[in-house]
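Structure incoming, see below.
To keep things simple, chains are lettered A, B and C as they appear, and every chain counts its residues starting from 1.
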């Protein structure tokens, strides 16, 4: 029997997940709303003076992005495991690593990419200088997929657990720390007019590493969880 | 734990050797071996909780046994997942359907991962299980029996050699149960293999039917 | 060679081995640590820059290096357990985790104690301390995942995968924290690294490092033995071994 190729299977999975997401558009907005709300918390909790906000803007944007990604990862695989479709995926002739990468990609398109696109507005609210916005968007475009992949690995490890909620955050945060450091640094450098290309390259390197290793870790973790 | 001695003559496609599985503190089964060839059905019976579902999951490759091997066409299943899964289909306790997709969309996705199917193929599969009218109904709007029929349509249209069925009669009416029996009979006649866990007795005729009683 | 490794993976054999080896490592640890600490406290000359306060280094540096060493060991044991499906390797990893976490905590506490007289605050965000903090979170994550999974087999395999992911990320985390730290380091505060060490000081430090390592091995043998007892509690060989003891 001629099993369809990897590319076809990848596209099938992405299109199915996107179709499902669009039938449930409300849920998609959650991480995005969370991102925006967290960034408004800081001016509310502190002195909303432009100088202070500008100084902390890189940190606030990046921490908020990290937390929003954490929130989004919670729901990455849960639904599929609960209704049994993950099991069928694990029993299909297609490599589970590829299928999970497709799911994570669809997830990023629905939760990470909107974050990147709305970041200029959030940056404006925090008085982030406009010369830093393109770099921030670029860095977020690299960082949010990394966070989705890290979240995917940890979600696959904890999806079978009944009381897994807080555990997911504890597992993701140490591994996501470098992304936070390099990303915030990129924004910081861009703000002061210096070349941020070093930090961007480091993020790109992390993305490549994550893309090559995370799918296999996700598949191994998922099979353990489905055991 | 005993199995009928393997039948003579035909080649064996599925081979289980010395399987052992624990669940927490309990040992579910130990030194379980059998082989299954074309046209054979293995009917696994036993009391609730004795490990029938777990055994099926080990044979599918979903659960890792403590010791022992499962082989398909002589190759270890754990090493050749893709080849084994390409020739196998599993119906478990859950229907494995996305509630927000229609019956046809669910079927289409599951089948397209395995082979090229046309819309006509999907329609034909749904027609065989009597779900033509419910084709575009969202899966969460289907009754339990209808959902089970979608799973059956999937198993039929997969053209898999090995069917692993865990309580396939659940939620089906008399006509449905007869249909499942007919499906299995035809599959066995077609040189297929069936692993069946069912509380009640089945109405399959023809083929070689063997029993595995678990205790 | 393979026979030796194969035998090592058998719980009864390991049990007997651990009973025999523990006293050796225990005593070696006691002697080395006592000598190293006394030497460091009394015999080593005071540091040119930091005076007497630097002596905490004789506990801080060995704990920090052990915290890393134990994590790597834990990850290797976990990988062996996952790849070759040796149950004992999982027991070793499970036993090692709390030891590593304790070393990490000790490194953080001694780092804190060092910071106070040197820089006036109980905490400084320098590269080493921050890395140790992240390492502590990695240990906690590992132990929390183990505790959250009910089935022991699955807990072993899931936490093993987590340990492997963690160990691959440790160089990345360390590098990123170092990088972050060099950018924000005020010029006046010197790195909380080892002051330039000369022969006199170094001997006591090495003695303590080896002492800590022997301590780790001794405690690991004891804890793994306890794990083995817990996991094999219904088996005949254990009843015989305990009866004979």
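The rule we apply is simple: a contact is a pair of C-beta atoms (placed from the backbone, for glycine too) under 8 Å apart; a residue touches a chain by one contact, two chains touch by 3 or more.
Quick caveat, the model's predicted, so the values are computed rather than measured.
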**OP:** Pick one for the touching-chains graph, please: line, ring, star, complete, other.
**Re:** complete
Original post:
From the centre of chain A, which chain's CA centre is farthest?
Top reply: B
Subject >> Chain closest to the middle, measuring from C-alpha centroids that were averaged per chain >> reply: A
Subject >> Geometric centre distance via CA averages, chain C-chain A, whole Å >> reply: 32
Subject >> Approximate Å spacing (C-alpha centroids) for the pair chain A, chain B >> reply: 37
**OP:** Report, in whole Å, the distance between the mean C-alpha point of chain B and the mean C-alpha point of chain C.
**Re:** 49
Original post:
Considering chain A alone, which of its residues make contact with at least two other chains?
Top reply: 227
Subject >> Contacts with 2+ other chains: residues of chain B >> reply: 64
Original post:
Residue numbers in chain C touching 2 or more other chains?
Top reply: 151, 153
**OP:** Under the touch definition given earlier, write down the residues of chain C that touch chain B in their complex.
**Re:** 150-153
Original post:
Inside the complex, what are the residues of chain B that reach chain A?
Top reply: 60-64, 82-83, 85-90, 92, 94-101, 105, 109-110, 112-116, 159
Original post:
So in the complex, which bits of chain C are touching chain A?
Top reply: 134, 137-138, 140-141, 144-145, 148-149, 151, 153-154, 157-158, 161-162, 165-166, 168-169, 172-173, 175-177, 179-180, 183
Subject >> Complex interface listing, chain A residues touching chain C >> reply: 153, 157-158, 160-161, 163-164, 167, 170-171, 173-175, 177-178, 181-182, 185, 202, 206, 209, 213, 217, 220-221, 224-225, 227
Original post:
Which residues, counting only chain B, touch chain C once they are in their complex?
Top reply: 22-24, 64
